[in-house]
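Next come two complexes built around chain A: one with chain B, the other with chain C.
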Partner chain A sequence: MLTTTGKRAGVALLSILGVAVLTFFITQLLPGDPARIAAGQYASADQVAQVRAKYGLDQSVPVQFAQYMADFFRLDLGTSIRTDQPVRDELTSRLPATLELGLTALLIAVLLGVGLGVTAAVHRYRIGDRLVQIFVVLASATAVFWIALVAITTLVNGWGIFNSPTGRLPRGFAPPDHVTGLYVVDALLAGDPQTAGAALRTLLLPALLLGVLASPSIVKIVRSATIRALESDFARTSRSFGYPARSILVQDGLRNSLLPVITNVGLVAGFVLAGGDVIIEQLFAWPGIGGYAYSSLQENDLFALRGYVIAIGVAYVLINTALEFVYGWADPRVNLAEGS
Partner chain B sequence: MSLLTVRGLSIQTRTGAGLVRDLSLDVREGEVVGIVGESGSGKTMTALSLLGLLPDGVHVSAGEAELSGQRFLDGPRLLMRPNATMIFQNPTAALNPTMRIGAQLVRLLRFLDRSADSNGRRRNGDRHDRAAALLSSVGIDDPAAVLGRYPHQLSGGMNQRVMIAMAIAARPSLLIADEPTTGLDVTVQAQILGLIRATVAEHGIGVLFVSHDMGVIAQLCQRVAVMYDGEIREFAGVDDVFHRPRDGYTRELLAAASDQPLPEEVADGTRTG
Partner chain C sequence: MAHRSRSLGALVASGLFMTAAACGSGAASNDSGSAAADELVVAYSQDIDTLDPHQFKTDAGYGVVGNIYGTLLQESYTDGDDGVLSYAGESAPYLAESATWDDAQTTLTFELKDGLTFAGGEPITAEDVVWSLQRALSDVGYVQAIGQWLNVTDPATDIVATGDTTVELHVTHYSPLIEQFLAFQIFAILDKSAVEAQATADDPWGAAYLAAEATASGPYVVESRVPGQSMTLTKNPEFTAADLADAPETIVVQSMPDPQQAFLALQNGAVDVIFGMTPDTAQALEQDDGLELYDLEYSLVAYVGFNYEDPALKDVRVRQALSHLMPCQALREDVMKGYAGAAYGAVPYPMRDSLDETGEEVAYSTDVERAQELLAEAGYGPGELSLTLSVPASDESLSQSAVFIQSALREGGVEVEVNEMSDADYNENLGSMQMFLDSWYSWGQDSVYQMFFLLTTGLFTNYTNFSNAEVDELVRQAMATSDPDERRALSQQAQQVIIDQAPWAFLFTRDYLVGAREGVVGITHSNDANLRFDQLRVTD
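Let's turn to the complex of A and B:
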């Protein structure tokens, strides 16, 4: 087990290194000249050259790359051109906001995905299944930015169910003492249910939107995996003994459809943390790393963008490495020691 | 005395195609009755229908059945459980891949305890011991080790023994066996057949044994029903069917079995035709 853990950790570190290298070369391909934009619209050629020299962008690509990797190994992600702050500090201070939103959305996506998927599998080829299929089509075909605006107009401005999309807390509330960085949890720890409630009412709408939009792939996988398990030979054995339907659904159906679900959760985590999150954070003025990436991209802030991509890459590698250990627990046929 | 009586059983698909037509047979106590036929003859569907295990889109359209004198009219399920149990082809797939053998046996014993009497709430530790005893009774030498294994860590023959242990644990009066030795190698096949025979002798239960293998049928069964295209062509004692077949199809089947003896049949010495 120890050597397995060591091997997994090694693979994870190599993946992160690969992410760093790829990030450098892909950001090289971005159109536009960061120095030109940073220097301003009316800057002279001299001023642009000055800015270029300041950030080391006048060096050749190999030299820039060597400098970049050297900084990377010292966990230094450079300085943002836009804000003139160290990128690493900006990302770490914004990470808890993204984690709070992303993890809540992931939880909603998994609960919704497993619930609807199992419902569809139990009512397969009947009306319940059809309704779930319609939900899947609608949720996969809906654009994040459109449904988010509609939701803000109706649920916030119209009916006032959720708080306004102006960050993590409505006006008049002070952030709770920093413990976990998750406002709802921190407020509860500080014994301030009012702030916790306000934070939850602010958090829930973007999290629901992200979760619902991320759920279709989980619904589809849970449905097909559960149907396969319920129609399997071992489920038939259970029925031959006359076990109750619920026991068959849980022990034969769900238990055996876990593996593909876990794989998919890794992918959905990517969407929730990086894909849909950037747009949602921008629309809800959520002070996380997705909104940071959006602003950085608009101003062609090379170092901030690199930092963001690396942070997401690291998160993705960590999530998937953790999931590989969950596989072994979910399915005894997966033997980590023998696997690739 | 007749244990199982099936009369006029018909099985249809949703589109109305008949898979089994007007099938009647009976099994006596302590008797092994075979159903033999080629793939697609409806023998497995017949077996599955008795326990209500037909796949989606296939249903019993007519027929009735009686087990130990109790009558069960047409419906999705002909026989009550768990007084009839079943063992299957491909035993490894018939066991839950994510549960240890011990957990699967304990799950069954807990279910049986609950349906037997409500005040008999026994502890799981006790059930674990009973599970080990069950495995010993089907000739597993090291039950403690097997209880801790997953099905994929055991051989097909071992898994079939576990299935038989589970089927016996329910104390059924009828055991339905659907090609239980197909896919197992010859020595294991002989052991499993021996185990089924011993079970019949010990518990006095009836067995409905579905197979395509004439050799196995001849070895094990007292009477045999020859099925073709959803109908029983001949239902008689094994000696009569093998030595004095009255039906043309039975003769063809026997000729086919003896023309091209499969290597394992010869090695096993079970071929009779």
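Let's turn to the complex of A and C:
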């Protein structure tokens, strides 16, 4: 067991190293001169050169790379050209907002995906299945900025169900004392249910949208895997033993369709933390690392961009490593296969 | 086979629903109902990038810097009873008690007000003032380029403290811009000892410290910040340079990147003021009785730049022809929704000394026939000229304008490819693009300043590579004279040459659009296009 864990940790570390190396060379290809942007429109050529020297951008690529890797091993992601602040600190301060939104969205996506996927499988080719397929098509094809606008107009301004998208808390509420960085959790830990409620009402709408938009792939995987499992020999055997349909669905259908679902959840987790999150954070003025990445990209903030890509890369690696352990839990044959 | 019925998913789902439902009925989380009585939320489209008054680049950054730091002088405003405070044409002492020129008008002496202190309690001294102005004119930030207009030869020797509260500024010659610029918050008064305590050999001006920390000398102090979301400012209890009795107790500077969401938040009462609305949302706002639009005229000029190094665009007839093809009226009405003025040349109304005193003049009227004549004279028949127009994708109004221009030029027989670029790519390529859509605002709205930066030979902000010896000489003379009438005459001669040479197609001037909930007044129509938070008021 320890050997397996060690191997997985080693692979994860190597993957993170690979992410760091790739990130450096990919960001070298970005158009625009970061020093020019940092110096501002009034800056002379001399001032731009000074900025370039300050950030080491006047060095050759191999020298820059060596410095970058040395900093990386010290967990130093450099200084933001835009804000003159350490990138690691800026990402760390924004990460809890992204995690709070991303994890809630992931939970919604999984609940929705599994629920609808199973519904579609059980009601295959009937009205329930058709409705789920319509949902999948709509959720896949809808432009996020449009649905966000409609949702805010109706659910916030029209019916007042959720709070306005002005960050993580509505006006009049102060952030709770920092424990986890997740406002809902921290407010509950502080015994402040009003702030927790306000934070949840602000969080739920972007999380719902992100979760709904991320759910179609889970729905499709759960549907097909569950149908396969329910048509398998062991499900047929269970039926012949007279087990209730619900029991067969859960034990034979869902349990045996878990592996592909877990794989897909890993991909969806990456989407909600990196891809969809950037857009949603922009639209909802959510102060996470997605909005930070967007601003950094607009202004060619090289070090901030690298920091963001590395952070997301690390998140992907950690998610995938965690999933490998989950595979073992869901299907002991995975561990046996490794052992053999 | 052991079969057990599990309903964990159902439990989690119902738990989430119950929690949400409970929160949905929570009385405390109503948006507008929980607002503090004396708090105003001001939304900007960008985040606060830095608190350094010499390095900020976003409107939000300037909004904060401009209200936490005091300056020696401040613009005077007149109240037009329409909710707007308009620039009165002069600067008045602010942290200074007095500002006096000597007879030769080469030394400006400032006497600080008695008892001024920073928010930390330390007194504001002449030494702080000298250090702050020297920092502004140093190479620590881009303000140095603007600082040269103070006509100071050597900041180390020409800005001196002659007493605990007296500072002298020695200049080569008088210019009306000196007092005007000293009222801008780029010449903020900083706490020298606090910054120097954090300075290092590599960072002698304490840039890293000032990026995130501030010892206020102005009407507000930073109370708290949620990175990427908002910054809360409260009234500076140590500030005595002006009466803050009626100023809002708290200002929340809110980042709202999406203009439509910002508008919806204003409608919902989640924000009180939006600084810098888009024409579309401004138009929607005007349909809402509970909201107020402040449409502020500025000389923020939008133009198409023609690169002089391009073989086709070298020919003045081609540039003039393209200028005649520009659909300026359509751009003002359909793209800018009417929130735009006419741009008569590179120095449009209401800029000081503009040739256009009414804001209605047009240098090149839309005239397809005349354009085609000029193109024929230059040797281009219909369809024989193809050009690329670059535009920053982040600027919605400019992107839309590019499409209108493409269509209008096609009607005139000129093919245009529109190249939408990221801000970084666009800025990197300024100076090398064939044609580009840009807009520019010169603080102080001064004609000579505008022409110097944008249209004199070899300057790094002369993105068209325009080079005209007559314009260079006229601008140089205008910069050197201290006679306002002579300056105006020289400026207007240069403006006419530029109009004739058509290095740009002069499209329109963009208004600053400020949205507010009904009752919010005190919007400053300032020359640095910044809100003075202490002037905001809420009326019944």
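Criterion: the second predicted complex is superposed on the first by the 336 of 340 C-alpha atoms of A that agree within 3 Å, B and C clash if a C-alpha of one lies under 4 Å from a C-alpha of the other, contacts with A are read in each partner's own complex, and residues count from 1 in each chain.
Following the convention adopted for this analysis, contacts are C-beta pairs under 8 Å (C-beta built on N, C-alpha and C of every residue); 3 or more make two chains touch, one makes a residue touch a chain.
From a predicted model like this one, the values you see are computed outputs, not experimental measurements.
Undergrad: In the superposed arrangement, which partner chain does A:212 touch: chain B (first), chain C (second), both, or neither?
TA: Neither partner.
Undergrad: Of the two partner chains, chain B (first) and chain C (second), which one does A:256 touch, if any: first, second, both, or neither?
TA: first
Undergrad: Check the residue A:332 against both partner chains and state whether it touches chain B (first), chain C (second), both, or neither.
TA: first
Undergrad: Name the contact category of A:188: first (chain B only), second (chain C only), both, or neither.
TA: After superposition on chain A, A:188 lies in contact with neither partner.
Undergrad: Tell me the contact category for A:243 with respect to chain B and chain C: first, second, both or neither.
TA: In the superposed model, A:243 contacts both chain B and chain C.
Undergrad: Quick one: classify A:285 as touching chain B (first), chain C (second), both or neither.
TA: The answer is second: A:285 touches chain C but not chain B.
Undergrad: Which partner chains sit in contact with A:232 here, chain B, chain C, both or neither? Use first/second/both/neither.
TA: first
Undergrad: Shared contact residues on chain A for chain B and chain C?
TA: 238, 241, 243, 247, 251
Undergrad: Which residues of chain C touch chain A once you look at their complex with the stated criterion?
TA: Chain C residues touching chain A: 1, 3-6, 9, 12-13, 16, 19-20, 22-24, 26, 28-31, 34-36, 39, 41, 43, 46-47, 49-50, 52, 55, 57, 139, 141-146, 207-208, 211-212, 224, 226-230, 252, 254-258, 260-261, 264-265, 267-268, 270-271, 394, 422-425, 427-428, 453, 460-461.
Undergrad: Quick check on the complex: what are the chain A residues that touch chain C?
TA: 30-34, 36-37, 39-47, 50, 79, 82-85, 90, 93-94, 97, 107, 111, 114-115, 145, 148-149, 152-153, 156-157, 160-161, 163-168, 170-175, 193-198, 200-202, 204, 238, 241, 243-244, 246-248, 250-251, 282-288, 291-292, 294-295, 297-300
Undergrad: Considering the complex alone, what residue numbers of chain B touch chain A?
TA: Of all residues in chain B, those touching chain A are 51-53, 55-56, 81-82, 85-86, 88, 90, 93-99, 107-108, 111, 115, 150, 152, 163, 166, 170.
Undergrad: Taking the touch rule as given, give the residues of chain A at its contact with chain B in the complex, in rising order.
TA: Residues in contact with chain B: 124-125, 231-234, 236-243, 247, 251-252, 255-256, 330-333.
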